[in-house]
Amino acid sequence: MKLYEYMAKDIFRLSGIPVPQGAVFTQAEKVTEFVKEHAPVALKSQVLSGGRGKAGGIKFADTPEDAAERVRELLNLKIKGLPVETILIEEKLKIEKELYVAITVDSQAKGPLLLASAAGGVEIEEVPDDKLIKRLIDVTIGLRPYAAQDIARRLGLSGEEAYQAADIILKMYQIFRAYDAELVEINPLVISKGQVLAADGKITLDDEAFFRYPAEVPNVEERTEREVKARELGISYVELDGDIGVMANGAGITMATLDIIKHFGGDPRNFMDAGGGAGTEAMAQALEILLSANPKALLINVFGGITRCDDVAKAYVQVKNSLDIQIPVVIRLVGTNQAEGVAILRQHGIDSYEEVAEAVQRVVALAGEGRLN
Amino acid sequence: MAIILNEHTHILVQGITGNQGQFHTAQMLAYGSKITAGVSPGKGGQEVQGVPVYHSVAEAVTHERIDASVIFIPARFVKDAAYEAMEAGIKTLVIITEHVPLHDAIDIMAFARKEGVEIVGPNTFGVISPGKSKIGIMPNSIFLPGQVGVVARSGTLSYEIVSHLSKAGIGQSTVVGLGGDRIVGYSFVDILKKFEADPETQAVVLVGEIGGNAEETAADYIKGMSKPVVAFLAGKSAPPGKRMGHAGAIIERGKGTFQSKVEALTDAGAKVAALPWEVSQLLSEIMGS
Amino acid sequence: MKLYEYMAKDIFRLSGIPVPQGAVFTQAEKVTEFVKEHAPVALKSQVLSGGRGKAGGIKFADTPEDAAERVRELLNLKIKGLPVETILIEEKLKIEKELYVAITVDSQAKGPLLLASAAGGVEIEEVPDDKLIKRLIDVTIGLRPYAAQDIARRLGLSGEEAYQAADIILKMYQIFRAYDAELVEINPLVISKGQVLAADGKITLDDEAFFRYPAEVPNVEERTEREVKARELGISYVELDGDIGVMANGAGITMATLDIIKHFGGDPRNFMDAGGGAGTEAMAQALEILLSANPKALLINVFGGITRCDDVAKAYVQVKNSLDIQIPVVIRLVGTNQAEGVAILRQHGIDSYEEVAEAVQRVVALAGEGRLN
Amino acid sequence: MAIILNEHTHILVQGITGNQGQFHTAQMLAYGSKITAGVSPGKGGQEVQGVPVYHSVAEAVTHERIDASVIFIPARFVKDAAYEAMEAGIKTLVIITEHVPLHDAIDIMAFARKEGVEIVGPNTFGVISPGKSKIGIMPNSIFLPGQVGVVARSGTLSYEIVSHLSKAGIGQSTVVGLGGDRIVGYSFVDILKKFEADPETQAVVLVGEIGGNAEETAADYIKGMSKPVVAFLAGKSAPPGKRMGHAGAIIERGKGTFQSKVEALTDAGAKVAALPWEVSQLLSEIMGS
């Protein structure tokens, strides 16, 4: 779960990492008092996607009137398709230096990785490798003061600035561990009037650890209704742009199914890994999600491993009778109890395929026909 | 021979009295796996499919020989179960459970390194050495003993590929699921090394997917391998920034793209199949059968 | 630093370990209200030495009058020479089972060791080894729930009792680490009306970690005035029963010096490892402590390593002139700058020895003469 | 030969710019120790006695060869300094500092085990291989190169004994201070094993004291040693329950008594000297010189 900048900064503040004076607004009318006290100010759209600055999502103002006007503009903005609903207004800093610091996970080293660069303020992908400081963190001892001091020094800091930066880096690591974070990023970490502070902040939390999130973790939902529903069912669902609805069992095979659809000239409407759940109720709800996205045709691709083909067939037959499915459905069914499953489908007049290639070619053709209607 | 697992491997099942544990214990026994004990706190003294159940791993290892443990435990308790097995001295763990918190996986791997433990998973279908033994949740029917090693990040996709191999008469030495999470124990390279050293294995199939740089790192190792490698990669059509089911299957910040992986593997001399069923064709060509 | 039982129980309570209802009293007059509410009660003298029960330091009462009388008796008691000043009054428990659990440090394994026994309530030294459960704890992962459950099971508990006991054991480990403890002991851990609770409690904290003790740690001083003063000087000082004052540099050589004194028929008044501090002020204060214990003679045994003999000699000469030393002092001075040190002493009419045997024989003889006076 | 330390050992001094660090760097250099670098955060680029100072251990190891580090750092920062050295890959640490918190020592030892690091101390005078090199704070003048290994818990007492040896013409191969704390790195057994394996060492002197069971455990090992062992133990007259200076020197709950140690060592075939100066006499008798 990605947190909005202002939420990340709330956590920073709680953890003792200095952030600019700021407040959150959803209405232009309410900004007067804050801006009076802190002008000049920066007005920052709260969205989760990157490239907010380039999209015009950050503005500046010197007076309350000016600020209210800018807030109105921002609240009318859409960034990558999503409307801006919240604005963080902060004192505008006199920035002397911009640094980059992040803690993320290194899959290869199987542990936390600290990234830092003296070239802050730009997207980290644009920082050349020789300007990027990397340090793996051994979780058995954690990030230690000497390591944080070493990073601060290699960022070109010394004296009080180095001390403050090292302290912030240590606190970032504490947040990373205490909040089950996948990413804690400060970009830029700025030096302003001798003080080191987080001018921006990104925190991404691990969805799998939600059961132990600290009480102060907010809930952020920037998903479509269908994605929310799939999430509740424990199903992996990602919405795409095409018109062939896809349900498969297993992340790898679902991805491969999408690839095969593309290969044969089709265009998938979604990624749906329905996992091993072959129960009638689960099947019905998953199909409802698929259908609500208005695809032209559906492909169900099941390789029965743990999932038994006869169970899948039974569930589908039952659901088919209760749901009013108006589009063609192609089923590919192989694996455990394949013969029984295929027989059950056939009893109810439903064909199925053994080869994924044939099934995909069929569904692509059917979707094409659907598009012509 | 085979890697990781053979007919002599004595297996413990942690969480043996749960639904998953019971079902797959029966499946593994049916395949011929040597399951010597199960653990379920508070249920010591019971039996599951004739396998004795102990309260704790410590108790189990004092009564039975155990070489490897397979974990069927709810995600939030997996860290504790893994620690318990490692503290009891077990040196191979297969963690089937999905949705293990990232930081728990990090902690498990750190302790495993300290204790010299090898870990398959989490979020894996396990390991099977066809005809000898299996430790995991893969279907019993699709595998065929033979000379091709298979290593995959994901389960059903590798079943798809393996069943094509078996139908084509191409048997497998061992099939290993690394697991779909961002942090897993064995990496492609770990397994490739084992296949390279295994006299029974003649060629290797690598089933990868978008996200991370595991395939790129594997490619570096493949350059120096004596055995041929055929790869298939899922996620060619996946959009960036979206997690495709697996926690690890996400193109982030321009890293982990399909193209990057195909290029790396091709440059390393591996054949990359465009479609799953082409893997067996490429293998047949290479192996001249 | 050993904590009193009631302090240990305060920490238990804070950490969520159940303890009996109780309150602390220093005056018999104030017990009425508590005893009315909780009678029958146990009255427990708060002392740091063991064997409190055998010394008559624990009593019982059914009524407030009875309790007040017993408190009066206890407040007149001395246990191992120290007066009882505080009484912990607790509800008297109906005890169904008494267990022993402790976490201590194993020097050989270099980590925490959990000890448990189903034979609680007696001194742990009296528990035979085959009834003692031992488990080393790996600090990299800490004490884990499965380990605590395993201990509870091996203590013969099951169901709810096992669950509660395991929870208490986990919390004991948390205390052990969070408070820098050398020992956390519950003896007995009792089962009373289906509840598991700490009927007694011992916590010893590591003196070296005082700088990071949690705020709630109380300060316990059960030392003689001289021991307190030595502690403030950073000098290791232990009071003994004899009449020869001893100052040496190094714990091992100080112990050996006491042994040699005994060997030659003398009796040391104290252990004092004055360490490497050869400054005049430190020397003066250390000598003042020694003299205030009224020994018959003093032995100063210095093996100059880091400590230079000339510095020691200079300091002694200066101090000797300012303090009014009425008893004979024997000095043994060897090691770094020995010749210079011996020369300085000689200039001031002070003899010194090179061999410790000779010095000790001399001081033993002088103390003997002193005793005749 | 010698154990732990010889004339080729390249030494780092952590805390080199402090009073203790500066003084003992000079003393070690005077003895011939090969000190290649020092560390003092914020003071990189300076020199102490001609030794280059670096900001961090990581920086020092990239510029200089370092085999061992000696730590002169205030007690509350020792854990961090030890971690820093170990993370930088140094495999031998000598921790001079006393008053290190018990739990810090526990943490240091746990990480050392994980990283395969050997630790002398804390609260030790260090290690000296007479005539070759020293790492520590022992006086330079009292040692004599030779064939007797000495291992001790405490400093000044071992100087007392060593100076008697040297005066009697009995030289030392290596003298090791284990440290007086309850938790220290090397144990008597670790060092006895090294002396047993060291061709230069002909006999061993063990200087112990009351408290703990290190001497009893040592006795178990001594039973199987080929080389003669002479012991001296301090604390015969110490009362129970009182810490005699060293954190480890306390008779608790009837354990760690003088008698128990003397018996164990005598039973194991070691000669136990009643008085410090008898050690050299017993050695002379045994070695027939």
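We call the chains A, B, C and D, going by the order they appear; numbering starts again at 1 in every chain.
Keep this in mind: a contact is a pair of C-beta atoms (placed from the backbone, for glycine too) under 8 Å apart; a residue touches a chain by one contact, two chains touch by 3 or more.
Because the structure is predicted, anything quoted here is derived from the model rather than measured.
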Farthest from subunit D by Cα centre, which chain is it? Let me know.
A
Which of C-D and A-D has more C-beta contact pairs:
C-D
Measuring from the mean C-alpha position of subunit A to the mean C-alpha position of subunit D, what distance in angstrom results?
55
Here the gap between subunit B and subunit D, centre to centre from mean Cα coordinates and rounded to Å, is 48
Where the CA atoms of subunit A average out and where those of subunit B average out, how many Å apart are those spots?
27
Going by the contact rule already set, what residues in subunit B reach two or more other chains?
107, 110, 114
Any chance you could list the residues of subunit A touching two or more other chains?
138, 140
In the complex formed with subunit A, which residues of subunit D make contact?
41-42, 55-59, 80-81, 83-84, 87, 107, 110-111, 114
Of all residues in subunit A, which touch subunit B in the complex?
105, 107-108, 110-112, 123-125, 138-140, 177, 180, 182, 206, 208-209, 211-212, 236, 238, 240, 248-256, 258-263, 268, 271, 273, 303-306, 334-336, 355-357
Tell me, which parts of subunit D touch subunit C in their complex?
23, 75-76, 99-107, 109-110, 114, 125, 137-139, 141-142, 152-160, 163, 180, 182-183, 187, 207, 209-210, 212-214, 217, 232, 234-239, 242-249, 253-254, 274-277
Okay, in this complex, where on subunit A does subunit D touch?
138, 140-141, 144-147, 149-150, 153, 158
